[in-house]
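In this document, chain identifiers A, B and C correspond to the written order of the chains, with residue numbering beginning at 1 in each.
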């Protein structure tokens, strides 16, 4: 490759419970255990539960949300499961907070923040003792300056830090040409914001959140590949300016295909990991390993992506062979 | 789980030949045989061929439809195949009638009814002797009162009962927020009918069909999960009032995802089976086992749904292991 | 089957690099090698790389395209890989030219032709010595008379023939009811061109390209199944009139389903192969084996399509068994 730059490895992944738009794999504890093992085998040390609840769906039996929002009590406790597996496999677990799907999109920011602070209290009391509980993730995703959401980040982030002294992560997205809803029939829109406006808006956001948020991991999939590096560079500069850690959230699904969504072509992922390496982000996480990069995924394309990824980084072939053997012994 | 109610088991499934919108798995007799075995292993005793023909596509070499509608002669006789396997595996087979895809949607109800009565005669003569032939399914799906379709149910249903003395089944759907076409880019619509209007319209439908239809199995996927039980309750009350059997058609695919359609999250299916149990439906069937719940499905998520389903109902682990072994011996 | 006609076998396939709309399988050399073996096992002797580049994505490290179009240098050389495997497995390799995705769709035909002639020179010098290099494929797809594209076919085709003395192939599509973009939510459009207008426009196209193009392989998926044969017949008559070889490009994916795209139902493919046989096309190729018909595909429906295809043509069961055994020994 001309102008090749060594790429940075992915060392963290979201756990997509509860999912917005990716069909569920219906894994139980055995399957999740096996997948944590696969994550670990390629150097992943951090797992981020994407949200503890979305609308009425929950990952744990939250008294707060069942009483106040009439949420559904879940059949299993995913938080306990993920913490148990994080302890077993030596992972740092980040707890994703609640996305009502309604209050913050209709401007009722106070309600969204109040709910999340109550949840943080409930969760920290219930799961805080786990040695794997290492951080908080505020699950609201924005692509430009929305003062009410910035205020939500501040209120919720500061509360989490006060009760736990643990880092707070957010993962916004870029207002690029691919920032279209998953339900849209078109894959691109005509005009994204120019990068100067992007920088200016996010300068304001970073300034607002600098005391409440410790890590920002922008999603890298909403812009054309030729400008990914430019945007990652802006992100990194802003993060340094406000003394916030800059991670990159490398999307491992393909936004350019009519099927929404299947695993990304390795070449595309590699380009984004090279860009992340070049601008010097501190860490790369992905959305997400279990559907799109895992040898256990229901999407077989992901098995091959896993192999390409390992080949590129020169990971142990013997280990690869062992995993494949297990796969063929019916542990898939 | 708070307020847990034991769920009712699925004991019937559609066979999706000819499909409207689910891609074909390209199974031959061997694969179908194996899948009937898997159905039987989880207690399924009833299979309903969803339609014998749709537009020009046929499941058997129908003289009526080839002559009158210029349908295509199929490469294999699915009716004979499904009856043979139903006999072998002890299943009750329901024969799904013809959906022209045009006459009834453009108001030519008489033509649709006439064709279906001629088909019933042809089919009863040809396949009636099979001991597995246990009922008829009128394949036209409506979500509100359409007098011409009700009249079609009556004409076709009464004819089938007259020639065969076998029960007649229909499977309508609820006019809920998710009642959008599979081709729509949005997953929900703004306004479904209020439940009082639903009850009033379906009261009229039930009154109209009471002498011609023996079983009504509403699809359970077009309404929000918090109101599924309310709608199932209306269905059950109406069925009792008119002395019709009330089954529930539990959809095992996920209507909330941009990929249309992959297997449902087990939690969602479980909620619907609990609601069905609570209102006291006589039987639950699903649309459908072979794509969405089967260990043989091309969608691997279905294999996991099968396992979650078996775990919940405490089904034989040894049997599960044996099935998985077969899967890994290349009989997939 | 009534009125059965023996079908013609598929003896060629596209290799979908770079893809427009089919998610990548992330295969490396080992997986491609295995797939060429599977192709060969069912009589495929011709592979056509669908395009050497699309927009910024490349299959090989093209100086022309990297310098002039700022294309991305690819992580592996697919042209070298496919030629190597073609030599190993005795395949005829057709090289697909470049689709800018912009110049020809905005009327800058000269730019599109100039680029492609420069690429042909570069490619012929670099890869021409391979004994497997047997032809050229001009990758621009049209469904009606567009004089600028016809002129592109002529300029590029004549140039390729001059430098190499190898045949030139194109694969247009029919302006039928299914000629809608992959991103469209509807699967059909109201009005395609009448077949008489189709014949008249394509008569003009054939007249224009007769000295520059040796083979025309129309895609067979954009029209209703009942008229496929009529259209193939027109294609064949026109080809004979202008002394051009007539192949058929039998699409092996299903255009009638909301998931875009999964493998086609075998019955549909069979009908198209019967129509192709009946009108007497010289050869059938498919788009494409590796995703939609292969025992190695990430879509398991394709494995079953492969089996149905082999059963129909009475292909060696032992060989089939061996392939399945390999699959289960983890070489999938």
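Criterion: a contact is a pair of C-beta atoms (placed from the backbone, for glycine too) under 8 Å apart; a residue touches a chain by one contact, two chains touch by 3 or more.
Given the structure is predicted, the values throughout are model-derived calculations rather than measurements.
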For the copies chain A and chain C, the interface residues, called same if over half of the numbers are used by both and different if under half, are different
Rotating chain B so its CA atoms sit on chain C gives an angle in degrees, to the nearest 5, of 120
Cα centroid separation, chain A vs chain C, in Å, comes to 38
Listed in rising order, chain C residues that touch 2 or more other chains are 185, 259, 300, 328
As the complex stands, chain A meets chain C at residues 1-4, 185-187, 225-226, 254, 257-259, 262-267, 270-271, 299-301, 304-305, 307-308, 311-312, 324-325, 327-328
Touching chain A in the complex, chain C uses residues 21-28, 31, 56-57, 61, 66, 70, 72-75, 182-185, 259-261, 298, 300, 328-330, 332
